[in-house]
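Each structure below is given as structure tokens.
Presented sequentially are two complexes of chain A, the first with chain B as partner and the second with chain C.
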Partner chain A sequence: MSEPTEYVTLVSYDGFEFKIRRSAAIISGAIRRMLDPQSNFAEARTNRCTLETIPGIVLEKVCEYLYYNEKFADSKDVPDMEIPADIAMDLLIASDFLDV
Partner chain B sequence: MIASRGARKIKPPRKNIQGDDVDLEPTWVTLSDSFREIHTQNASQLSYEQLYRHAYVLVLKRKGDQLYKRVIDFEHDWLSEDIRPRLHTLASSALLSFEEYDTKTVNERRVSGELLLKGATKAWDNHQTCINMLADVLMYLDRVYCREQRRTPIFEACMELFRDTVLKWLVTKGEDGMDLLDVLSTIILDQVRMERDGDTINKHFIRSCVHMMESLNESNTDGQETRLYVTRFQPRFLKASTEFYREESERLIRENDAGTYCRWASRRIREEEDRCRSTLSESTTDKIRRVVEDELIRNKIAEVIAMPNGVKFMSDNNRIEELSLVYNLNARVDSKKTELITAIQKRVAQMGDEINRAALAASHTPPAPAPGYSDGSTKSGERVVNQHTAAAMKWVEDVLQLKDKFDTIWRLSFASDQALQAALSKVFSEFINAATFPRGTEYISLFIDDNMKKGIKGKTEHEVDLVLDKAITLLRYVQDKDMFEKYYKKHLSRRLLMNKSVSNDVEKQMISRMKIELGNNFTSKLESMFKDMTVSEELSNGYRAYVDKLGDYDPARVDLSMHVLTATVWPLDHMSGALDRDPNKQDKAQGPIFPPEIERVKKGFEKFYLNRHSGRVLSWLGGMGTADIRAVFPKVPTKDGLRERKHELNVSTYAMIILLLFNDLSENEALTYEEIEARTNIPPHELTRNLQSLSLATKTRILLKEPMTRDIKPTDRFKFNEGFSGKFIRIKVGVVSAGNRVENDKERQDTDDSVRQMRAHYIEATIVRIMKQRKTCAHLQLISETISQLASHFKPEVTMIKKRIESLLDKEYLARMPEDDSMYKYIT
Partner chain C sequence: MENADDTIVIPNTEEDDSDAVPALKRRKLDKGKGKARVQSSDEDDDLPVKGKGTGKKGKGKGKAGKGKGKGKKKPRGSEDDSESEDADDFLARDMYKKGKKLPGQLENCEECRKRFTVTPYSKTGSDGGLLCAPCGKLLKGEEAKAKKKTQKPAVTGRRRRKVESEKLDGRIGVGAKSLVQLSIEKIARYAEDVEGFGDISDPLLRKLSHIFTKNRVLKPETLDLFLRNDNRKIEIHDAAYLETDNYDRVFMECPQMEDITFGNACQLKDQNLQYMLEKARHIKHLKLYAANLITTDMWNTYLTEHGPNLETLKLTWLNASFDDSTMEVLAKRCMQLTRLKLELCGKITDEGLKHLKDLPRLAHLSLHLTQPTDPEIIESIIAAHGARLQTLCLAHIPEATNSLLNTISSHCTRLSKLRLSSAENLTDEGIATMFNEWTGKNPPLSFIDMNSTRSVDYVMPEGPDEEAVGLASAGFIALMKHSGSALRKLNVSSCRHISMAAFSEVFGTGSTYPNLEDIDLSFCGEVDSYVMAGIFRSCPNLTRVIAFGCFRIEEVAVPKKAVLIGMPRAQDAIEQFGGVGMDMMGVDGGKEVTVEA
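Here is the complex of A and B:
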């Protein structure tokens, strides 16, 4: 499985798996480097990133954001995204980690 | 990220990663192990996430500086322990083959060199890939720690490490120890040298090495100019190339001819350009080109051009391709192409001088006996051209040929270069107007004359066009346009009056071309000459009709056709044949005495003409006319018995007057020259010429001369040749020098004088015109303005202008300013 696939899998530390379009996933600097076929790390070979620091509930929101970002990257007057207050801090940390 | 809205309570983040203090050591062990894996290309087993997370945690725990330092140390160790020894072994063995330069073959040297290049390239490539991965893993370190502490990001830092620990590490010890960069440079130079000598080398490795040097800077500062390639390799490369080409050019110039040298030089330049593109860096292209150009061209071009088989040889032998090479080479180093221009100019000037000299020599050798030409016989008269005229024709043809030749070269070899065109024009104009060769203008006009009279006969329109073009081309070079105008007028008038022109259309075309080239002023007089011709024809017809109406047809009446010419337009002083007289007070008083029957006709026409145009004065120019007379010769016995012989004689007006004198004489009565002169008042010069053609030329010997000598003396006696016989009914009696030919020295003197006079007027008129406009003007400015205004006519001499100014001062058109002597004032 070394061919870059259209979809990649993101796995949270509590085991949730998210299949997400590669183009959206690599908006995150960390994920992009993880999947860089040139460096050929394990993640790049399996197209599967296990993110040991991020819980599923946050990762879900991250995925939502990645799609959201991809969709509105070039547009103005973007509708705000709903962020539940209880995971806001985690989300911030995750975003720092993932470099988004 | 988007901040959340609403007032809900924000939970503190979960503590799973912030937990306890992380121990640096075990984490570092994991990381450094992984790094080693990366360096040995085993990364596929590693989880990026894990490594990234480790680094992330370390940075979060404020251990960034330690991590950074350890990474750098790790890399340093790796480079100096793993990479450096390998490369240095290769470098040493490559160097070794240099030390044993003589014993090793080129091939061995190349192989060992290539090994090093290959090794260095490979190490560099690997290092780059690994550091890329490393930097990826340590992204968080870069992002947070390096930015906060203003440290060089990992990637750049490791690149610098490579430069310092590998490339700049001394391979040889001692004062002038070489680091790896020096060795690499040396090897690349050596390989380039091999390629220049014709060997094949592996460009790929050199290219990669150059690329490496290009992507590293000399120090930690950024900038194009501090690239290792620029600071370390390029200077050596340029220096080596300079030496190489200096030596090679010396050798080649000694061993080869100019053409080969040029071909070779252009090839070398092309090669160097290719080399920069395929092997070295594009950024060097300009510099190496300059080096090669300097060595091969700038320092040598003069020598090459001056070589015995240089430009002179090439242009003489029409080596279009080689000339084009010289041109291209010279153009490379000098946008003005000075060297080439000088050489070409010199050659053209030389050849032009030769042509001038040849023409002068030809015209100075004693002319072929002129009388042959004066023979009225139509056969030889047309063909035998005066030697002067032949020389003139030859001169023009030669000049045109020369021009053609260099035009071709210019077009084919010099890419129609403007500067060269200007230079060629200049040198052509120089030798055509050379002071040692004053006859250019006359010759050109003669050339046109000759073509108008016979040259264009039977040619197509296109060919005629070509001839006209050539004439105009030459004309363009002429400085003394007024001189040319004078000659052209003279020649044109002869052509018109004697009906020698082959085609009036072509004449008019020529004039319209001159109009385009030289402007209205120049041609207006020529055009009015044509107008006069047309008007005259109408006038003749009108007169004939008028006479017809007068009375019954009289068989003895003299038919008259004439040309009425505007005195100011036509060069009358040339045509009247009045060379021995002052042109200003010629005619009327001294005009020839016409016999009564002619005088009557003349009067009749004058009356007719003045009726139409009152207030005009008609002067008659007997010297230009011709007359048809019917002559009856006494009966002589022929095989058919006694016959009266009738001939129609076509003679000049003067000859007619002379012949009519004999009408009144009885048989065997004779007239002396002096008597004839007294009774006709024909200018002695003309009289002599006409008598010559009437009495000396065998075929038109209507008069008998005593004694029968070649010259006409005042005491000679003439009588009617009753025994004259001719084969044809119509006999044309030619007159010596009726055609257009080169002037003899006396005529030339006259022309010069009259041109000088005309110029004086021109200059005065111009000065007055300028002063009228300016009111006051400084001396120098006045002179320069005068020169520039007259440039289209001729090139006035300064002394002449000064004289004219003085004369104007005398005539009180101008005055010096009282306060400043060098200023003039216009006096109204």
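Here is the complex of A and C:
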């Protein structure tokens, strides 16, 4: 058991680990629910989310997006984040799953 | 730079040799076109000689001119002595000229004091002196930077248009777009290269279909992406690119299909409907817009055979088919029909309409008729289905009178969506009575559209004096009193007789409409900044306000979650406050909203 940490770890199915700020990670509804201390999931105790469906290359982009979203949360006319066309489809499925 | 010598020479020509003038003139002309048409008599014999000869001569004279430029310094000394007032002026000009060295001459750089050779490309420094090549480059870099900085605000026009366009799409200005949205946009941009959507959820598929339609990339090549063997629903809002064969393909690939939407189905033909009849036996919901190549006979055949399975039928823009005989078939065969929408179907008359009474399960009815209608027939339909009706949309019913409203209020008890638009013979009193009578009888509605229900008499733009026509103050107050608590969507655009007092009463302090998400107030001239602020305060879940033509809205703080559309004039004021909107919504109470009346 541990206190909620400032950083959490997201793990892709092919083993890549991304340590990102909790405040950014919980922008994703799915990750927020995983990490909710009330839920008593293993993820909440270890501060580590293993995302079995998402490959590393996509998860990297997701993390980039989470920080991007956090940064622009209150600003207007936000520039669109660049998404490589080749992973757009995977990213769509991942983002639908993660609820971002 | 090259013309500098010309300017130097001209003031001196009077004293110096007279042929300098024509020579110079000719030089200029040579540069311009090569044709000399100088009137001076001295050079007459030279004039016809064009090309190399004159060119050479010109150069020669040019040198002479430069010589004069140098020589000119001498008279300057003499003029210094003279006490004429022109002297200062001349001196100033002369000093200025002195600084300008000509290409090929040597000069000290203004910045680094180094000696360098002047070229036509030498830059002028901040004090008017010339700069050497390295210093000139530096200056150029700085200039480019400054230019970039000044250019930025210039693109706002285009950005603003994009912002407005996104607003119209219902996207809110603050914060980043969702990753789903970003990915979908990217996919739509590379639509041709997508191999397959894989296993994605239906709502996502629908979103993709929307954006493909919007970007006009839903073509025969991309259609396959949306076809999966187990698909039960397909939604294509702009099928204009699809050809006859493609429709057959849809029914062939997805025999389980239950729900079909084809917008702009302009190439859907009889043969497709025939094929659909054979292949897609499970269709329950059929929505076809502008399918004008299907004949009345085919409709009759289809409805006779497949009618009993249909639960939803929505057809719009059928100009030449679907007449009264089809209506008769529809009423006889479609016993399961719960939703019926017939909009802008030009062949339907009263004769066909009256059959609608016989549909036993109808709960959602939308009609937009083009032929003049007897309001009594519509009333009889409402009376027949009243207790079941949940949706009643009657667009463009100029013939309807208050007796229609009576019928609605006395028969409908489960209505949640009501549209009575362009009904110019309803009175304000009638509308108010309907809502008042409904209290306790029909639960609050969630959708009300009364757009353009007002008097349209161009002689009396203010409406008749004695009795208000259409939705005006009393009707609006009654409407909000009855339905305000559940109302999600309200459209009162062009109901311009609703008074300021009515708006203030409805959206005044103490009122809350927790469910209201979408309001259209366009062309309600009485709405001003004060009313707008009241609306934002009393509707905490508001996401969109449309206010085209409300010129009295000037400065208003838009809450973070909402967009205000259609206010080009007040744009700056709105954007300026946009960021603070959230804080103000957070504070409890009614007086903290900034109002600039």
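In this section, the second predicted complex is superposed on the first by the 99 of 100 C-alpha atoms of A that agree within 3 Å, B and C clash if a C-alpha of one lies under 4 Å from a C-alpha of the other, contacts with A are read in each partner's own complex, and residues count from 1 in each chain.
Just so it is clear, a contact is a pair of C-beta atoms (placed from the backbone, for glycine too) under 8 Å apart; a residue touches a chain by one contact, two chains touch by 3 or more.
A quick note: this is a predicted structure, and the numbers were derived from the prediction, not measured.
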Inset, instruction - Answer with first, second, both or neither: which of chain B and chain C does A:Y65 touch in the superposed model? - result: both
Legend entry - Partner chain(s) touched by A:D77 [first = chain B, second = chain C, both, neither]: second
Inset, instruction - Examine A:I93 and indicate which partner it touches, taking first as chain B and second as chain C; both and neither are also allowed. - result: both
Inset, instruction - Could you tell me if A:A42 is touching chain B, chain C, both of them or neither one (first, second, both, neither)? - result: first
Legend entry - First (chain B), second (chain C), both or neither touched by A:A30: first
Legend entry - Partner, of chain C and chain B, that touches more residues belonging to chain A: B
Inset, instruction - Give one of first, second, both or neither to describe whether A:A85 is in contact with chain B, with chain C, with both, or with none. - result: both
Inset, instruction - Using the superposition on A, tell me which residues of chain A are in contact with chain B and, in the other complex, with chain C. - result: 65, 80-81, 83, 85, 88-89, 91-93, 95, 100
Legend entry - chain B-touching residues of chain A, taken from the complex the two chains share: 13, 29-30, 33-34, 36, 38-45, 49-53, 55, 65, 80-81, 83-93, 95, 97, 99-100
Inset, instruction - Enumerate the contact residues on chain A facing chain C in the complex. - result: 62, 65, 68-69, 72-78, 80-81, 83, 85, 88-89, 91-93, 95-96, 98, 100
Legend entry - Partner chain A, residues of chain C touching it in the complex: 159, 163, 173-180, 182-187, 189-190, 193-194, 197-201, 204, 575, 578-579
Inset, instruction - Report the residues of chain B in contact with chain A in the complex, numbered from low to high. - result: 1-6, 8-14, 16-17, 43-50, 52-53, 56, 129, 132-133, 136-137, 139-140, 143
